[in-house]
Amino acid sequence: MKLDQVDIKILQVLETNSDISLSEIGKKVGIFSASAISRRIENMKKEGIIERYGVELNLEKLGINFVTITFVKARYGPGYIQKIADHLLKIKNVISVYFLLGDIDFVLITKSRSKEDYEAILNKLTEIVEIERTDSRTVLKVLKENDYSSLSELIVSNLKSH
Amino acid sequence: MKLDQVDIKILQVLETNSDISLSEIGKKVGIFSASAISRRIENMKKEGIIERYGVELNLEKLGINFVTITFVKARYGPGYIQKIADHLLKIKNVISVYFLLGDIDFVLITKSRSKEDYEAILNKLTEIVEIERTDSRTVLKVLKENDYSSLSELIVSNLKSH
Amino acid sequence: MKLDQVDIKILQVLETNSDISLSEIGKKVGIFSASAISRRIENMKKEGIIERYGVELNLEKLGINFVTITFVKARYGPGYIQKIADHLLKIKNVISVYFLLGDIDFVLITKSRSKEDYEAILNKLTEIVEIERTDSRTVLKVLKENDYSSLSELIVSNLKSH
Amino acid sequence: MKLDQVDIKILQVLETNSDISLSEIGKKVGIFSASAISRRIENMKKEGIIERYGVELNLEKLGINFVTITFVKARYGPGYIQKIADHLLKIKNVISVYFLLGDIDFVLITKSRSKEDYEAILNKLTEIVEIERTDSRTVLKVLKENDYSSLSELIVSNLKSH
Amino acid sequence: MKLDQVDIKILQVLETNSDISLSEIGKKVGIFSASAISRRIENMKKEGIIERYGVELNLEKLGINFVTITFVKARYGPGYIQKIADHLLKIKNVISVYFLLGDIDFVLITKSRSKEDYEAILNKLTEIVEIERTDSRTVLKVLKENDYSSLSELIVSNLKSH
Amino acid sequence: MKLDQVDIKILQVLETNSDISLSEIGKKVGIFSASAISRRIENMKKEGIIERYGVELNLEKLGINFVTITFVKARYGPGYIQKIADHLLKIKNVISVYFLLGDIDFVLITKSRSKEDYEAILNKLTEIVEIERTDSRTVLKVLKENDYSSLSELIVSNLKSH
Amino acid sequence: MKLDQVDIKILQVLETNSDISLSEIGKKVGIFSASAISRRIENMKKEGIIERYGVELNLEKLGINFVTITFVKARYGPGYIQKIADHLLKIKNVISVYFLLGDIDFVLITKSRSKEDYEAILNKLTEIVEIERTDSRTVLKVLKENDYSSLSELIVSNLKSH
Amino acid sequence: MKLDQVDIKILQVLETNSDISLSEIGKKVGIFSASAISRRIENMKKEGIIERYGVELNLEKLGINFVTITFVKARYGPGYIQKIADHLLKIKNVISVYFLLGDIDFVLITKSRSKEDYEAILNKLTEIVEIERTDSRTVLKVLKENDYSSLSELIVSNLKSH
């Protein structure tokens, strides 16, 4: 499926505010048929481009303000990547897991209420036998996180340059 | 503002799917007054707990599948943190920026279409005089990213334990 | 228990010199009832704020002048933190033990008479199976150590800012 | 000045509890002349072995529970050690400063109320031009700190072995 | 241009031995028209797939047996990559130069007659102002180098899987 | 066997273009007897100086443009070098393998079509029990690779200086 | 035994040239009794200050010019220091072995004829089970080695300052 | 000059004890002409194989027992190697200086009386502008140092294998 300028504009609108009626979207993107907007959105859902409508929460206001980035070195062995992934996916405070090239095998982002809570999470990590070493860094400030707004510009530039 | 069990349930519903009517939310959380649901949501918005309704996009389907994690060491000087932050916030492919304790000062997550694109981004980073060194790692797989679903459980456990 | 300005002043006096009569403390803090001073001190003891009256010794004059800081990496396993802690707490030359986040798990401060003595301590450390690696640094000079005097100012500023 | 067994016993008593009368000390060390005890203590003060009578405070109870260990690399230059030391001695949250051999020049122990407070301290450190790099680690637990009790045994063994 | 099985076979023959007549190639790949072989080779040259016919020399037999791998860290600045590249391309003993992601910016492979010769090369490297640090490793054995034979299989598997 | 100026010139010609007749070589090196040229080439082959006539392929044009440099740390044990070498020699995407002094035991150069393909190669590496750790770096640009042209100058200077 | 100025002068003479008669030494140190010189030398031998008369060889002239410095990390276990030491003392090319504090446990200085020879030595090192990792660096130049001449000045300054 | 078995035997004798008459050497090597021994020794001196007759001192007995190994990273610039070398050669406590490949540029061995003395030496090192970083390690034990006895065997094996 090829996106056109209108699709991109719709995505930009939805990213900023998805709690909006089809006709309002139409006004913002300059197309006055709600059913045309709806069809485009349904297409993008069907293609898997729009994965989910959600809400962004302010975790700090909910008392979850001890953020860490953890570098994990794995102990090699058959299927070690999958085994570590399986364990990590179950730890609910670990909100992001990246598997990467280099001397660090996984980078985790973890959010919890306090360093005492993080100690419990660290204990879970060190009990995973496929994990050889962890190295956790305390985040002082989250300056930007999963910022989609700039990505929509990116998609545009992407479309233009092809 | 103190959240109660019903507020939490509402957040859980909205995280999974925010494109849903008030009465549908009501059914899922066991409260049959749409206006009560509406009032609770408005309160959580006013308090800044719900920051935004958005959509989650599948960037890979949009051709944006070269993901890197970049470790940045700063060159110390008056206001260096703010200066670096200002520069980074303008680079649209950099979707996350963390300022942290330790021998790495910033961790960036960057998404682009290819390593050629990333080279252009890297050039922008190395032109920032407050940046002394960068160390970029290629992400082979994003196993989990900004996973809110598990965080809602977290908020519940958080509420229970206090 | 909330401390007030008088409590803080008493703590400042005691930190500098705890071998002093109640009436002398009274003069310094501007309260002329020895029993009021006594009651405040007893309260702070009961609350666990004052843990102990002690003396500060000059270890160098006692021939204990080989100081090292040792970085310890643990070998992960069930209960490894507690096991290492138990061992370390028994080694009498190890006067401080910190458990911390990052690629170093424990930092120890050790004082002994000579590098020959330290070699014996190092042998004890390397016999602890939960310790994977140690990295010991020779301290050339202790510029400041457990300096409480500045902390009392800290408590004051702490009280003021809340 | 040579310490004998009685002096050592007196030091052991004072370390544990220095808020005690001369006759009580006498009972514990088996010497029933308060003036003899007094003379011995005065000698140890005069020799600089006893530097100060103080109190040990529980900082956690005072809200000061964000502890970090910071590794500092200096930028070499004439008198850099003294310059850095001068700056560090003025930062009141830095309670210990060690100058050491190896690729880390200084180790600092810092205590503050929160990571937000620590960020302000870190800013002060990075403004010192003689400091090239810092690397701060969050302490999860202080297992032992400046533990004098075991050192008094040490002095005894020290005396015995000479 | 799409390669077919015959093209690949021709490449395999040429890699192993390019000093061979068209009819001999034909026999090996099962096509008995020299002009067909010639046409295919000319096409692959025109498309830039075959870049050059060359010879592989045994440098050890020519006394060039001090091989090093050098890791280079750059000093960031405008156009630093190109500047370093320009310098490196002129040093004739540096036979390979890779620019890469991570905390090492360039990897060089260098061949010379002796460590004395390498010292002269190292001097040239350290005179390049855009180079901050080098780290040279002595190669004990070259186990495999630019091994094309296995790559031709690779191209085959590549074609098959698409 | 001692090379003379004519031999070197012949090598220079062949490196640049080995698909050339003996008489053409003769013209370039100033010797007009094809049989003399032939005899010199045959000698250099017999001595093992010329190992092979080949072709240089442009792998990027064949879709093989994900290049990595991998640092390998071995797990010591009897014959570990040979065991690792045996495994590496079988992995067809690994086109170069160097065994070297220092804290990195092997450096590999690998070429594949994509990071997904490289993940499969990495899996093969981590299944080799004699490999303790790998550290893979993504190559952004190959600036120069196995550049023989400058080496022929090198041989000349080498001959001159002896 | 206390050395005096004359003893030191004798040591200085002997370090520079020990193949000299007692009367010649006497002239240089300003004491004209050969028996007094002899008595002083015998005393310094008896006290173990002079350990041995030897010769300094130029190893390069004997073809032994591949010098390496090897950093060794031990695998901890009962008596690991002694076990490693025992092995190292038997490897004849290892001419110096230092056991030290820090993340490197042993530093070795090794001299051999070539990197091929060093590979055999490295094999011996990696067969020692108590050795976890080695890191060998090639020495480009020995600028100074075991330089006693400056040490004799040192002894003098040492004597003066006490 | 080619050494033969007798020359080697003479070197072995002299290394162990050079304070010995020609006829005694003769007996040990099985040649009974003192003049033949003398001629051989003179030849080896003339060829520069024997550089010097000296004595080996026990520095510990002279109170010089604080030994360090210092890793030096240079700041690159024209002639930096020579400049650093010139400075280091003047520091009398630095008894050995090696210039080497890798991320450490120089390794120094230093001997002094105490860590206080070493601090003064470290100050001299950090005042050398061409030195960027030092990393000093305290030697706990010198297990072997400049051990020539095993090297004489080495020369023998060297001769045999050629």
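Should a chain be cited, it is by its letter among A, B, C, D, E, F, G and H, assigned in written order, with residues numbered from 1 in that chain.
Here is the rule we go by: contacts are C-beta pairs under 8 Å (C-beta built on N, C-alpha and C of every residue); 3 or more make two chains touch, one makes a residue touch a chain.
From a predicted model like this one, the values you see are computed outputs, not experimental measurements.
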Chains touching both chain C and chain H, listed by label: D, G
Pair of chains joined by more contacts [C-beta pairs], A-F or B-F: A-F
Equivalent interface positions on chain F and chain G, same or different at half: different
Counterpart interface for C-H, drawn from D-H, B-D or A-D and sharing over half of its contact pairs: A-D
Distance from chain E to chain D - Cα centre to Cα centre, in angstrom: 61
Chain E-chain G separation of Cα centroids, rounded to whole Å: 46
Centre-of-Cα separation between chain C and chain B, whole angstrom: 40
In chain D, residues with contacts to at least two other chains: 101-102, 115, 118, 122, 137-138, 140-141
Pairs of chains, among all present, that meet the touch criterion: A-B, A-C, A-D, A-F, B-D, B-E, B-F, C-D, C-G, C-H, D-H, E-F, E-G, E-H, F-G, G-H
Complex interface listing, chain E residues touching chain H: 68, 71, 115, 118, 122-123, 126-127, 131-133, 135-138
Complex interface listing, chain H residues touching chain E: 73, 76-78, 80-81, 101-103
In the complex with chain H, residue positions of chain G that touch it: 3, 11, 14-19, 47-59, 61-64, 67, 69, 85, 88-89, 92-102, 104, 107, 109, 111-113, 137-148, 150-151, 153-155, 158
In the complex with chain C, residue positions of chain H that touch it: 115, 118-119, 122, 138, 140-141
